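Multiple structures follow.
Both of the next two complexes hold chain A, though its partner changes from chain B to chain C.
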Partner chain A sequence: MTSTRSATIFALALLAPALIYILTIVAYPLVDTIILSFTNASLKAGYDFVGWANYQRIFGVGNFTEVILRTFIWTFFSVTTKMIIGMAGAVLLNAAIPGQAVFRILTMPPWIVPMAIGIYMWSWMYNGQFGMISGLLQNFGIVDGPVAWLAYGHTAFWATIVTDVWIGVPMVTIYFLAAMQSIPKDLYEAAWTDGAGRFYRFRRITVPLMVPAIITMSLLSLIATFNSFDIIWILTQGGPSGSTTTMIIDTYKTAIGSRKYGEGAARAVVICIFVSLFCLAYFRAVRKLQQGEAK
Partner chain B sequence: MSQLSLKRLEKSFNEARIIKGIDLEVADGEFVVFVGPSGCGKSTLLRMIAGLEDVTAGDIEIAGRVVNDLPPVQRGIAMVFQSYALYPHMSVYENIAFPLRVEKLPQDEVDKRVGAAAKVLQLESRLQHRPGQLSGGQRQRVAIGRAIVRQPKIFLFDEPLSNLDAALRSEMRIELMELHKRLGSTMIYVTHDQIEAMTMADKIVVLNAGEISQVGSPLELYHKPDNLFVAGFIGSPKMNFINGKVRSADGSKVTIDLGALGTLVLPRTSTSVAGQDVTVGIRPEHMQLGNGEFTLEITPNIVEHLGIHTIAYSTLPGGEPFIGLFEGDPSIEDGKALNMGFSVAHTHLFDARGLAVY
Partner chain C sequence: MSFHDSKVTLPAGANPLAASASSVAELSKAKAKAKARPAKAMIDRYQWYEVAALYAGIAVFLFFVLSPFIEGFLVSLKPLAQLFSTPYSFIPKTWSFDAYINMWTSVPALGMHIFNSFFISSVVTLIVVAIVVPAAYSFARFNFGGQALLLGMFLAVNMFSGAVLLIPLFRLMRSLGLLNTYFAMIVPGAAFLIPSSIWLLRTYMMRIPRELDEAAWVDGASRLYTLRRVILPLAMPGIVVVAIMTFIGAYAQQFIFALTFNSKTEFMPLPVGLFAFFGKQEVIWNELMAASFVGILPVMIVIIFLQRYLVAGLTAGAVKQ
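Coming up: the complex of A and B.
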């Protein structure tokens, strides 16, 4: 009896540092945010509980529903493009071509360059007067005059996606490349011996065997992209006219910009619920894939 | 006409010459085994025949046609890989049907061929399972099934049994031999296991460092090895070698000085070995307890009692290891000297270059 109890105490003692860390860094701010979301907290000292008012406001009169929809569209296009380019890149980097190592290194800069620097570089590239993109398009006669890509709602929306893709693709590529290389070479040789061409082998061997990697990467990328803040903030700060305002930007503007902590917290809670659902999907997928492997 | 012929075949990887000019003829329906130690080039040679490795020089002819530049599928071969190379996400049925799907054969034909292969390989009840749910032996059968459905002219096997345990290996060996009998196809089989080579082959090709050391039937290689390498490679435990010097060779017999062991006289017609350093070979199983035509006094340092056989390991005065294998369970103890002898008819003689002397 005593030994069981001392074992429990010992186990708790071992867990204590991690528990204290999680309680301080994760649990306390989370609980505090949830509490704040039911108040009218602002810069003024003290606050009152306002019930569901903040939630009613963001789903009612405001444009938050639109922001949610925009966030999903932004995330969908960004993640899908990253997956497609990442897969294509992995296929190319996996091909036995001369200078393969050099190409592999060349995929890394977007990932290695400090994110803010990379994003500022893009903001200059999007610039109408001095930007490379506008300049090149004018040189080729595709556009008549300078195009400031970040100055118009519809172009800014896609421009932020392009930058997000640029930053996100290397990780997806390297992850897919690793998954691709873990497929035994024998399988391809057997298929080649049986007359299967390149595309047939890709379709019937590579893709099915990469499904676990594709699912895992898509969900991880979904979670990261959904919460992507720095890219949009540095490029457009959510503008022009809110055209690139995603949930995370809107939350920041409300809570930090307008000092409406209560309303901001309500937005943060909504984001937290969405991300939790994505995480749940991710863990379920991982468990299912592991069960599949064990069979 | 032979089914497969290799003509001055060579393969280099950058500067390294792996296959150094191989000539070989394989007849229709023959079971040929490529055997040799690791790194001798046997798998590379098989992969060249399959079309998985380019040919550096020479020609590969299948059914009279040079196939050097043809992709594997046009060569009329099917290959079974060491790892089985089964597609883990497909059922046994789809694994076997894979080559037929590539060919876009109609479903009836696919059903017919897969069904026939499954029947031959006793896989009928397993067709809907995934490879991960099968035992090693069953996986191997699926891999063979995938080869059978293509109805190839030549089957290529790359160490197909090396991942199986000993019991299953001997079972699969018999299955493969039965399969060869039933299909009557040409089979080329790579292994480093001489038991597999000896039991399965019509013809063994012994490879050493990218060259053919000898080609022949299993018993030819056993009884008349052309050189020291083959003599040492074929047979288990391996042949004993004793170093000596030819004192005289008169055209009917050769007299060899074996140092502390004495003088051995062998009937040989060759006179060119006179004065040469030579190697005398005698298989452990040809030793007999007590005196023979030539007798050695041996003190075993290790004795293995296997029931059916007893194996005595010792070292000769010249430092060469020496093994005697005796039937049954005679009373031999380690550390206790005994006489063992052999008949000169069982003796092999190799000249200074390692070539057999007759």
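Coming up: the complex of A and C.
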């Protein structure tokens, strides 16, 4: 039934809408980005090809390598923290104690409310003069005066990471929780019978069996975090003085802010190259994990 | 036997995973198990200090997750003068519901923004489901050259964010004449949700036994008829999950396209519409928070009721495949 020619035609016909849609809205813009990156396109109509000039400029003038480095550091700390808190959350929510179902539901809001709205709330919490974090720290006497978290480079850098972690944690937690629940209970019971303690069981059963889930989620989270735009844009717009400018913010500022489409496209291409590498890593990891499962 | 007779053996909308025949046997097995073991397994028993530690941990965890909402809600109940005064107090000194009344006059289009958010997400969901159902079926059931490559391509699309492709997308929207319309937000919004939905639904459809479509084929049903009358009803739970995940994706991520491709107030979704509260000299924080809560409440309530589908969607997409 599935090998005839008419079957192939039918299969392709079913696929056609999705294919056309993605080719138009994603693939074409992707190709267009690459083409634009070799031009001096701007708000003016028409443009000329300028060869590698845009790439020479972004790597020659200014602080692009610094931006790349910052993006990687920002992403690394954000993803690592998400994984640790997500794992801790999954362990806590997996415990058989009363209230479990309610706690699980209460974990979800940051994931399902419009991201921007959650970020507005954080931007108030970070307010130096009147915000909650500075206010509570002062009330408890931990800091002497108001701390404007988003006004200084190093605090703004960590503040944006905290918000990014906050948005990512629910999904990671629930994903890890599901992976944890798919571990056969017999393993724990056998270990328990042999006198293994709770921590020992976690270290020797839970963690090793969760490795595939941890790898998958880390890579997915890495890609999402690397592309994170809304949080930084709403909280700091990349400031103060560039201390939270990641590659995506940098591209947005160049292309949409300064209307330098050509140069912005060159910066976007560099992002695409990194994302493609992460993507390859992800596919390879998934394939490896599947092969491991098959054995 | 005609095809219509064979349909009788399929309970409409039944989940093939929970075949009704075996469920009775399973039930009795479960009962036997429950009798053999105490109501709560020994392994799940905790000492009092362990329980205390667990609750303390959960309290810290949930405080991190929920504090912005608690603070946001309390802010919406404080008069603006109290917000901008020191020392800070977490609990309002005087309670006021004024923000919930005044916000409608400060931002006259607020109701429209709330509706737009819902409307845009709904249309995106419709488009995605309409495109994804046939595509997922095609990937789940047919083998043709280049299929793996196509599937890989779809997945790769997933990894690029709209923010990277903003410049050409802007040009594309401009040449399609979609700038400053609902479609400027709907069309790109749907594109980035299609790939993961195809993956999810394909996984689900692959678990529907192949024998069912083959039986329909033998009975002379056309391919399209098989898809409509055999696969679609069986895949319904999966389609529901995809629809919910898509809606949430479209709802939660409304920002950058709305910010860049639309400047008309009447089409703005809530997250961008709320910028109106930032205007003037100072941000009207209490009204901003009040508007946020009123705006998201209806959707939140619905989602809380549907939360088990969320968990299903999240895990089916990745754990096994």
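The rule is simple: the second predicted complex is superposed on the first by the 280 of 295 C-alpha atoms of A that agree within 3 Å, B and C clash if a C-alpha of one lies under 4 Å from a C-alpha of the other, contacts with A are read in each partner's own complex, and residues count from 1 in each chain.
In the analysis below, a contact is a pair of C-beta atoms (placed from the backbone, for glycine too) under 8 Å apart; a residue touches a chain by one contact, two chains touch by 3 or more.
Note that this is a predicted model, so its numbers are computed, not measured.
Asker: Looking at the overlay, what does A:Cys279 touch: chain B (first), chain C (second), both, or neither?
Answerer: After superposition on chain A, A:Cys279 lies in contact with chain C alone.
Asker: Between chain B and chain C, whom does A:Gly51 touch in the aligned arrangement: first, second, both, or neither?
Answerer: In the superposition, A:Gly51 contacts neither chain B nor chain C.
Asker: By the touch definition at the top of the document, which applies to A:Ala190: first (chain B), second (chain C), both, or neither?
Answerer: In the superposed model, A:Ala190 contacts chain B only, not chain C.
Asker: On chain A, which partner touches more residues: chain B or chain C?
Answerer: Higher number of touched chain A residues: C.
Asker: Once the shared chain is lined up, is A:Tyr200 touching chain B (first), chain C (second), both, or neither of them?
Answerer: Only chain B is touched by A:Tyr200; chain C is not.
Asker: Which partner chains sit in contact with A:Ala268 here, chain B, chain C, both or neither? Use first/second/both/neither.
Answerer: After superposing on A, A:Ala268 lies in contact with chain C but is clear of chain B.
Asker: Quick one: is A:Gly60 in contact with chain B, with chain C, with both, or with neither? Answer first, second, both or neither.
Answerer: The answer is neither, since A:Gly60 touches no partner chain.
Asker: In the superposed view, which residues of chain A touch chain B and also chain C?
Answerer: Overlap of chain B and chain C footprints on chain A: residues 189, 192.
Asker: Applying the document's contact rule, which stretches of chain C touch chain A when the two form their complex?
Answerer: Result: residues 40-44, 46, 50-51, 54-55, 57-58, 61-62, 64-69, 71-72, 75, 83-90, 117, 130-132, 134-135, 137-139, 141-144, 150, 152-157, 159-161, 163-172, 187-188, 190-192, 194-195, 198, 213-214, 217, 223, 227, 248, 251-256, 260, 269-272, 274, 285, 288-289, 292, 295-296, 299-300, 303-304, 307, 310-311, 314-315, 318-319, 321 of chain C touch chain A.
Asker: For chain A, which residues count as touching chain C in their complex?
Answerer: The contact residues of chain A facing chain C are 1-3, 7-8, 10-12, 14-15, 17-19, 21-22, 24-30, 32-33, 36, 85, 88-89, 92-93, 95-97, 103-118, 120-122, 124-125, 129-132, 134-136, 138-139, 146, 166, 169-171, 174-175, 178-179, 182, 188-189, 192, 198, 213, 216-217, 220, 223-224, 227, 229-230, 233, 248, 251-252, 255-256, 261, 264-265, 268, 271-272, 275-276, 278-279, 282-283, 286, 290.
Asker: For the complex, which residues does chain A have touching chain B?
Answerer: 184, 186-187, 189-196, 200, 204-205, 208-209, 295
Asker: Quick one: which bits of chain B touch chain A in the complex? Just the residue numbers, please.
Answerer: Where chain B meets chain A, its residues are 50-52, 71-73, 77-79, 81-83, 85, 87-89, 98-99, 101-103, 130, 132-133, 146, 150.
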